[in-house]
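Next come two complexes, and both contain chain A; in the first it sits with chain B, in the second with chain C.
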Partner chain A sequence: MHPFKKIPLAIVLSLLTACASQKPAPRPGSINAKVEQLSEMSYLQVTDLRAVKRNHLLTVQAEISNPDSDNQQLYYRFKWFDANGFAVGGEEAWKPVLVYAHQKQTVTAVAPSPQVTDFRMVVQSPDNTGSMP
Partner chain B sequence: MKLLRSLLLLLPLFAAYDVQAAKIAVTDLAYAERVSGYFHFVDYHNKSSERASHSERERDSFESSSASSRSSYSGRSQTDYTEVESSYSYIEYGELRKFVGDIKGEILKNGGFQLTQAKPYTAKGSEKIYDIISRIKKGAYPGADYVLFGTVSELDFRDEVNPIIGTDTLSNTFSLSLVAEFSLINTRTYEVKAAFSATGEGQDVRVVTGGSRVVPSRGKVVSEVSKSLGIDVARQINEQLGGGESYPNPNPANGNTMQEGEVMHFSQ
Partner chain C sequence: MYKSNIAYSTVFKTAAIALLLSGCATQSPTLSSGNVEYGDSKAVETLTNEFGSTDLQTIAESMASSLLQAPVLAAKSRPLVTVAEVKNRTSEYIDTKSITDSIRAKILKSGMVRFAVDTSAMQTQVDELTRQNQTGLYKKSKSKKMGNMEGADFRIEGTITSIVKRAGDVKDVYYKFSLQLIDNESGVMEWADEKEIRKTSNKSMF
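Showing the complex of A and B:
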């Protein structure tokens, strides 16, 4: 192949790569703004997420759905932030949850301190190849 | 015409000077509290004495022998027992020498008034503490154009322990709320320029795990109550005298701040 013929192909390929790697920023107030996926989960989806302040502590509840016909393993943990965006408390341990086929599982977490005003739910599943929930 | 215009221009300055010159004295918060008590008095005396004596005599000879013995015992005991029980109740009047520092601070920050020091009420507590006109006449607020007279409506300490759902930890909340009524009184005409009730709240929340013990910080709670009361008082004075200008909120709520019990639902 002529070397000049390779240039447009390279440009197209690099553009495609750039488009693929830059996802649109999640909408504020959406589940995607609060859920961080370590790579993307194929089968599991966070279908409901809500937070309430009880006894001055932020309480978060998330619903994980498994539309697949096989049981799926999920690992999750929470990151907590104060009003200035600083992380509160140390890193939590990963918590395992088995979500059965075609079922939903609810997980709940309570902030470690009254200073917490924001959170991120970090999730990962061994089968991480699919698209965003 | 020119003179009139310059007078009109100067008018706001005079008005500003007048507002600047207004001096305000802030009283300590007067309170009345019913004090109830119960006493149970028991007096018991017991006095006893006893006396015993014993003698023996024995005589022995070749012809005869004799023996005699004698013993005596006497005892006396006296018991006095008195038991009195009663309950009592009275109303205690006084001034709370706390919580007004931040009110003064916020009024100074507002800049509308100058502050003068009020004389504390040190007389034996009676209902006269509420007779603010008599206190003004007696000269308890030297140099003041206005007196901010405050009385405690309610002072409520709470120590609550609630389980945190889904965990084995407890949330220990130590809180204090203070509600006080205020009147801003003109010391010459006794006109009430502003009247309102203000609230101060403070709390110390600790997360307790099984077996651990926490000691709440009373100082932190009292400080929070004083600060929030000061802000509420200054805000309401500003509302009632300041022509409805909005008082700057010291804790502007950002997007992440949630109120107690408020549910945030994240959409897909």
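Showing the complex of A and C:
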């Protein structure tokens, strides 16, 4: 086969593999739609996420599960948005949390202002797959 | 001869591609010796187990969010609060004013609370009023009047303590930051919360 004849085939194949690696966008309102993993965590999972307004402030509670038999380190912070999607309150500090083996750890956060209507939880674990979630 | 031409052509093409690629990279707007870098001020800092930036930031965030949820603050419309002293009872130097400044900034940004000048800023406040009213330099109608300062409804005060333990190469430090909100008129403590931090370091390499 002429080498140039292989090129269209290679392009089609690469396009197909690119399509195969595309994951569907998370459903609006699902946990994945509110959680940003800097890289897919190998063991830790955000298994529950609930938000409620208390004293005019959005309060978020997340449950982090560690199904592994070793302790796992988690770093997390929240991003807060107003009704127009603008970030509110500046950047939060990264917070370290130790999640023991087979433990479900709850973390709570309160929005910095009554203008906050939406949030994202940004998480990072040193034990990650290196690929996008 | 033919082989030599091919080799020259390959080298030329490689050099051209390298030149093109390097031409694509843009210059960063920096002037650097190469030894200094800007980092993330919000990163988790674990260089040593002394009190650090992450401790200050997590204490401030935790205390501000807890205080904003205190029912006594929500019951009043934008109550006036002042910051009293946070005593440092640890064995190391900690700038507690820096912690309370961060807490105050976060609470102020919420718009739910106002702050009166604290004792450390009172002299500056008095000096400014004196300057406007007693130096004769200002128009009477434009100067801020004496005797109109507002007394704070509540004051915030607290302590930071630590327990340090060493066993061989292991050093364990436990910090406890306690904060209280006290009604200035009644003297009743209306809210209190604590933030605990544990940091352990190990000197041994194995």
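Following the convention adopted for this analysis, the second predicted complex is superposed on the first by the 114 of 133 C-alpha atoms of A that agree within 3 Å, B and C clash if a C-alpha of one lies under 4 Å from a C-alpha of the other, contacts with A are read in each partner's own complex, and residues count from 1 in each chain.
We adopt the following convention: a residue touches a chain if its C-beta (ideal position, glycine included) is under 8 Å from a C-beta of that chain, and two chains touch if they have at least 3 such contacts.
Bear in mind that the values here come from a model prediction, so they are computed numbers and not experimental data.
S.K.: Specify the outcome, clash or fit, for chain B and chain C once both structures are aligned onto chain A.
M.R.: Because the two structures are overlaid on the shared chain, the partners are seen to clash.
S.K.: Under the stated touch criterion, which partner chain does A:R54 make contact with: chain B (first), chain C (second), both, or neither?
M.R.: The answer is both, since A:R54 touches chain B and chain C.
S.K.: May I ask you to decide whether A:K104 touches chain B, chain C, both, or neither, giving the answer as first, second, both or neither?
M.R.: After superposition on chain A, A:K104 lies in contact with neither partner.
S.K.: Please indicate which partner A:K79 is in contact with in the superposed arrangement: first for chain B, second for chain C, both, or neither.
M.R.: Neither partner.
S.K.: Quick one: name whichever of chain B and chain C touches more residues of chain A.
M.R.: B
S.K.: If you stack the two complexes on chain A, which partner ends up touching A:R120: first (chain B), second (chain C), both, or neither?
M.R.: The answer is neither, since A:R120 touches no partner chain.
S.K.: Once the shared chain is lined up, is A:P112 touching chain B (first), chain C (second), both, or neither of them?
M.R.: Touch partners of A:P112: chain B and chain C.
S.K.: After fitting the two complexes on their shared chain A, where does chain C collide with chain B, if the options are 23-31, 41-49 or 59-67?
M.R.: Clashes with chain B appear only in stretch 59-67.
S.K.: Once the two structures are fitted together, what part of chain A is touched by chain B and by chain C alike?
M.R.: 54-57, 59, 109-110, 112-114
S.K.: Could you please specify the touching residues of chain B with respect to chain A in the complex?
M.R.: Chain B reaches chain A through residues 162, 164-167, 169, 171, 173, 203, 205, 207, 254-268.
S.K.: Inside the complex, what are the residues of chain C that reach chain A?
M.R.: Per the stated touch rule, the residues are 40, 42-44, 53-54, 57-58, 61, 64-66, 68-69, 71, 73-74, 106, 109-112.
S.K.: Enumerate the contact residues on chain A facing chain C in the complex.
M.R.: Going through chain A, the ones touching chain C are 54-57, 59, 75, 77, 89, 91-96, 109-110, 112-114.
S.K.: Quick one: which bits of chain A touch chain B in the complex? Just the residue numbers, please.
M.R.: 28-31, 33-34, 47, 49-59, 81, 83, 108-110, 112-114, 117-118
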